[in-house]
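Chain lettering (A, B, C and D) follows the sequence in which the chains are written, and residue indices restart at 1 in each chain.
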Amino acid sequence: MSNSDLMETIGRISGVNPRKCMKCGKCSGACPAYDEMEFHPHQFVSMVESGRIDELMNSRGIYTCLSCFACVERCPRSVEPAKLIEAVRCACLRRQGMDHMKPEHIPAILDEDLPQQAVTSAFRKYRK
Amino acid sequence: MQRIGVFVCWCGSNIAATVDVEKVSEVLGHEPGVVFSTNYQYMCSQTGQDMIQSAIRDYKLTGVVICSCSPRMHETTFRRACEKAGLNPYLVEIANIREQCSWIHKDKAVGTEKAIILGRAAIAKVQLNRPLTAGESPVTKRALVIGGGIAGIQTALDIADAGFPVDIVEKKPTIGGKMTQLDKTFPTLDCAACILTPKMVEAAQNENIHIYSYSEVEAVKGFVGNFRVTIRKKARYVKEDVCTGCGLCTEKCPQKKVPNEFNLGLDTRRAIYIPFAQAVPKVATIDADYCRMLKEGKCGVCSKVCTAGAIDYKQKDELIEEAYGAIVVATGYNPIKLDKFDEFAYSQSPDVVSSLEFERLMNAAGPTGGVLLRPSDHTHPKTLVFVQCVGSRCDSEEKGKPYCSKICCMYTAKHAMLCREKYPDTEVYVFYIDVRTPGKNFDEFYRRAVEEYGVHYIKGMVGKVVPENGKLKVQASDLLDNRQLHIDADMVVLAAAIEPDESARPLATMLTASMDTNNFFTEAHPKLRPVESPTAGIFLSGACQGPKDIPETVAQAGAAASKAIGLLCKDHLTCNPCVAEPDELMCNGCSSCEKVCPYGAITYADKEFRGPNRTTLIRRVAQVNPAVCQGCGACTVACPSGAMDLKGFSNKQIMAEVDAICR
Amino acid sequence: MQVNGEFQPTIVAFCCNWCSYAGADLSGTNRLQYPANVKIIRIPCSCRLNPLFILRAFQRGADGVILCGCHPGDCHYTTGNYYARRRMTLLFSMLDYLGIEKERTRVEWVSAAEGGKFAATMNDFVAAVTKLGPNRRLEDLRCSKD
Amino acid sequence: MQQGLKEKAIQLLKDKTVDRVVGWKAGEFFYDLTPAVFHTPEEIEKDFVFSVFSGANLSKYLIAESRKGGKVAAFLKPCDTYSFQQLLKEHRILRENVYVVGVQCDGTCDIEKIKAAGCDGVTAVREEGDGLVAETLYGEHRMSKKDALLDRCAVCKSHKLVVYDELLGEQGEEQDAGRFAEVEKLERMTPEERYSFWRGELSRCIRCNACRNVCPACSCEKCIFDNPDSGARNKAAADSFEENMFHIIRAFHVASRCTDCGECSRVCPQHIPLHLLNRKFIKDIDELYGEYQAGADMDTKPPLMDFTKGDADPSVVYERGGDKA
């Protein structure tokens, strides 16, 4: 998939228009997982806008996003960065071999206190 | 029989290049009623006008058709020229053969043919033109200024200086508006009270100015030059002319727990109060919502202590009707409510304040006597965080406003600077999206805050504020450093967006003045007529038209005053004679026309008519006020009987044009 | 009208004085071409257009009638075009109901700044009416030119 | 029923509540009832008729009658009260001079339908229970009233009397009897089919002006079609254009004022379904600008004299199309 197709796909999945962003940074101000990601919510928006999508797809940060939607809630321009992040995760899943979670990972992360559903739903979410 | 003259203009080569002007004047010369037809290089030139004028005299013309540029260009020129030669100016019609013919067609045959048809249409119309005389209506030489803030005061002073009486209607007990609540003003840092209060006093003392304080506009009737306005003077339960403003009652009143709106509720006042020491008029007002005497019928302390005998618990609202020639709207602005911005903990912590509240906390006449103290524990704050654009530039309608509030960047820089100047031991952070400082000495001012006063300007936005153990945990982004900041602040100051006063919308309806979706009054032209409303006789002063700082407001106030003065200087106004006209014999009196008239120009009268067999019938028939009617023609189509027609654009005239074009 | 065996429709355009007439002037100032079939009649406001005028135009040989006014919300008289909008909607619907080609009538909102839109609208409308051919269903044979 | 109305009329005249009564009396035949003004109890006794043929809407006559001095009583059926109230709204009738006796109605009949049902030589028609009995020269003929109703009554919009001083019979309710079905049928046709349908109908128009003269909304002091200054004077339908023109403009002039009383079609000697033009406007208004019934109240602005900022653009006509599947 070419980069412009990729940008269009992200736009279609997320329904987000990154051009509405006025670069105020409130999303990154609100983000509780800010320090866990190498790219931050405001960067997500500008990277999608400038077409740096591959970089985003290969970033671990998209999986440390908590999907708490604080950025969506706080954004004064209704840009909705969390939806972009979700769209990038979906784009990864659509790509061959980019599953974030593989069956063989599971034994290692199994934890007695972890509800079984959490593993099952994470597996559903992060794998084709 | 009509005697029509046709004048075809070449407009140099503008018309002549694609229209055979010779042929046009030749063909149109043979149209019925045409007795003279010619063409000339520049009809609008003095020579051209002379040609028209001598033809009017020589051929005793009863109508003139000029085939030239758009009537929007030279209709007035040609009408004036004909008037000078003794022809009624409304017997002139223009055929637009430049903008709507020669300039859009390349083929000369096509252009010529179309020019002839357009000329024929104009001839057909002019056959039916009637001489019209512009009516006149007198101008009441008195102005009304609605709103007594700096905008209203300045406008009133300027109009009064020109020698015209002017009334100010202010809904609060005192004039002065928002500016009275400010501490210092940017970019010069002079004290707001020091520059405003002399103007307030001047307004009160000016013989030409009458102040209706604690009053509101109740109804507006009439039209430019002849407005009739009903003013509701609200009962203040104190005789304004008797009260000396000594303030004894405001000290003795036992009801002490009234939130003081002048200090934005940061402290309390009594039920009888004078908003602040320099109030104009300096008279007490009883707050009926809190006064025990008015609510329960017992107390009466103020009446007992008042040596002047000014208290009157039986006072009622008073309605005053006054006539005005011009109305200036100066209803100003308010900061928006911040309760939708939970992320900044505004409603959770008293130490999160709005900028206007901060202004009161810094003001020597404020609740803390000018000492910056935290509202929660009255300690001196060490770390302050200012957040800009709270509610401005906001996409969501229910939370904020889509526009830039314009003044926040500058007053925040002012706050930060004053804070650092008074308390050098403080750390001051300003979070900004953009710093917008266009204005004389504005950017220099902001740079001084950064460079000389060491204010930390951070490009980024506060994401959340959490009150915790007496501190305010501020989490924010620093976009240039690409990191998230966590600041333990003592105070957070929010630069709230500003919005038009809530009285503006109902007022606009009364005035039939137009407004934009944000409830700001619309100007007649955004560039060329910025202080006039599209509704004639209504002028705009200050922030009611859009966000503005003080210098801009004062400039606009002066401009609005000069426009109002220009109107009041006239003894009579000339009305557009192309107005609706009912044929009473055909009128059904059904009110259809009245229902669609945007100006309220149509009223009804019962008139006697001759019925069959020598009887008389009384019928309700429409009457048009030609001074109010603007000539849109909505009524002419609403009228089922065709009784309503429009002068200058009558049914028959338009149909004659249709026929000429289609034939 | 037939010119060289080709059908040339007669189009009457009613333009409000404040927006669309100025828009038409602007398309002239910018030398934007549109067919000479279009002849403009200036009216103060779109709300001045009586359905009678439209029928009169068809009777006398027009093949298409278009009304141009200020954009809703921008009316010089604040509300005129809102009335025009309802009137024309109902009138056009009625013409359609009678089986008269609805493509022969049109309303467009053209501001004083939209010279380009004015020319484009006229080009489009003339093409649409040319395709329909001469007005037969609402013609008055006594006024026929052919 | 007729007896009750007569008694009421006589009482109103006798106790001087009014000095004349507008009602119906027989014309040439017993079934062509015509509006009439009665001045004395004797006239009432002799001529007043109220029957299944009292279709005529009396409200329009009150424009003139209410201005003649004194007070006039009028019997109004539910649909007539809508016209009456619409005229009040337009300040055409002086309310204080009219005493309205509301009369409940379960539909008026069309003699043509009775004849078409095979009754020749009808001499009288009476109601018996739910049915009609037609007395003919050849004996009695029974039929259901439903089959004899005027078209407009078969799809009656309301049994509610929206204005009256006194009510004979029960107050009724508004109802939906599918009065737009015929309009919808036309809307479903292709433009060509519609064109030939209306050509077929309107070409029969003889410009007798009966529709105009009976219409309560067409009560102009001077009709534009009679006025040489209107630019639209037109006395006779000389060709197809004028046939169309008259009916389009007439429908447009009454649009948002027409109460759908159906008198136009009832009186048309050529049996042109003129109400279908008015109903089209009513249907469009309901769909585009919200339900509106002319004459239902005194306050709501007629939709053509009102607007909202979000009204549909005229292009909606192209989108809605004429050839709905």
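Everything that follows uses one rule, which is that a residue touches a chain if its C-beta (ideal position, glycine included) is under 8 Å from a C-beta of that chain, and two chains touch if they have at least 3 such contacts.
Only a predicted model underlies this, so the values are computations on that prediction, with no experimental measurement involved.
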| item | value |
| --- | --- |
| Most centrally placed chain - per-chain CA mean versus overall CA mean | B |
| Chain separated most widely from chain C, comparing mean CA positions | A |
| Pair with more cross-chain C-beta pairs in contact, given B-C and A-B | B-C |
| Chain B-chain C separation of Cα centroids, rounded to whole Å | 35 |
| Distance from the mean Cα position of chain D to that of chain B, given in whole angstrom | 50 |
| Centroid distance [mean C-alpha coordinates] between chain C and chain A, Å | 53 |
| Where chain B touches two or more other chains, by residue | 596, 638, 651, 655 |
| Two or more partner chains touched - positions in chain C | 51-52, 56, 79, 83, 87 |
| Two or more partner chains touched - positions in chain A | none |
| Interchain pairs in contact, sorted by label | A-B, B-C, B-D, C-D |
| Interface residues, chain B side, partner chain D - complex | 583, 585-592, 595-596, 604, 617-620, 638, 640-643, 651-652, 655 |
| Chain A residues touching chain B - in the complex, by the definition given at the top | 20, 22-31, 34-35, 40, 42-43, 70, 73-78 |
| Interfacial residue positions of chain D with respect to chain C in the complex | 186-187, 191-199, 224, 230-232, 238-242, 244-245, 248-249, 251-252, 255, 277, 280-281, 284-285, 288-289, 303-309, 311-318, 320, 322 |
| Residues on chain C engaged by chain B in the complex (per definition of touch) | 10, 12, 21-22, 24-29, 31-34, 36, 39-45, 47-53, 56-57, 60-62, 76-80, 83, 87, 119, 143 |
| Contact footprint of chain D on chain C as seen in their complex | 51-52, 55-56, 58-59, 72-73, 79, 82-83, 85-103, 106-107, 137-142 |
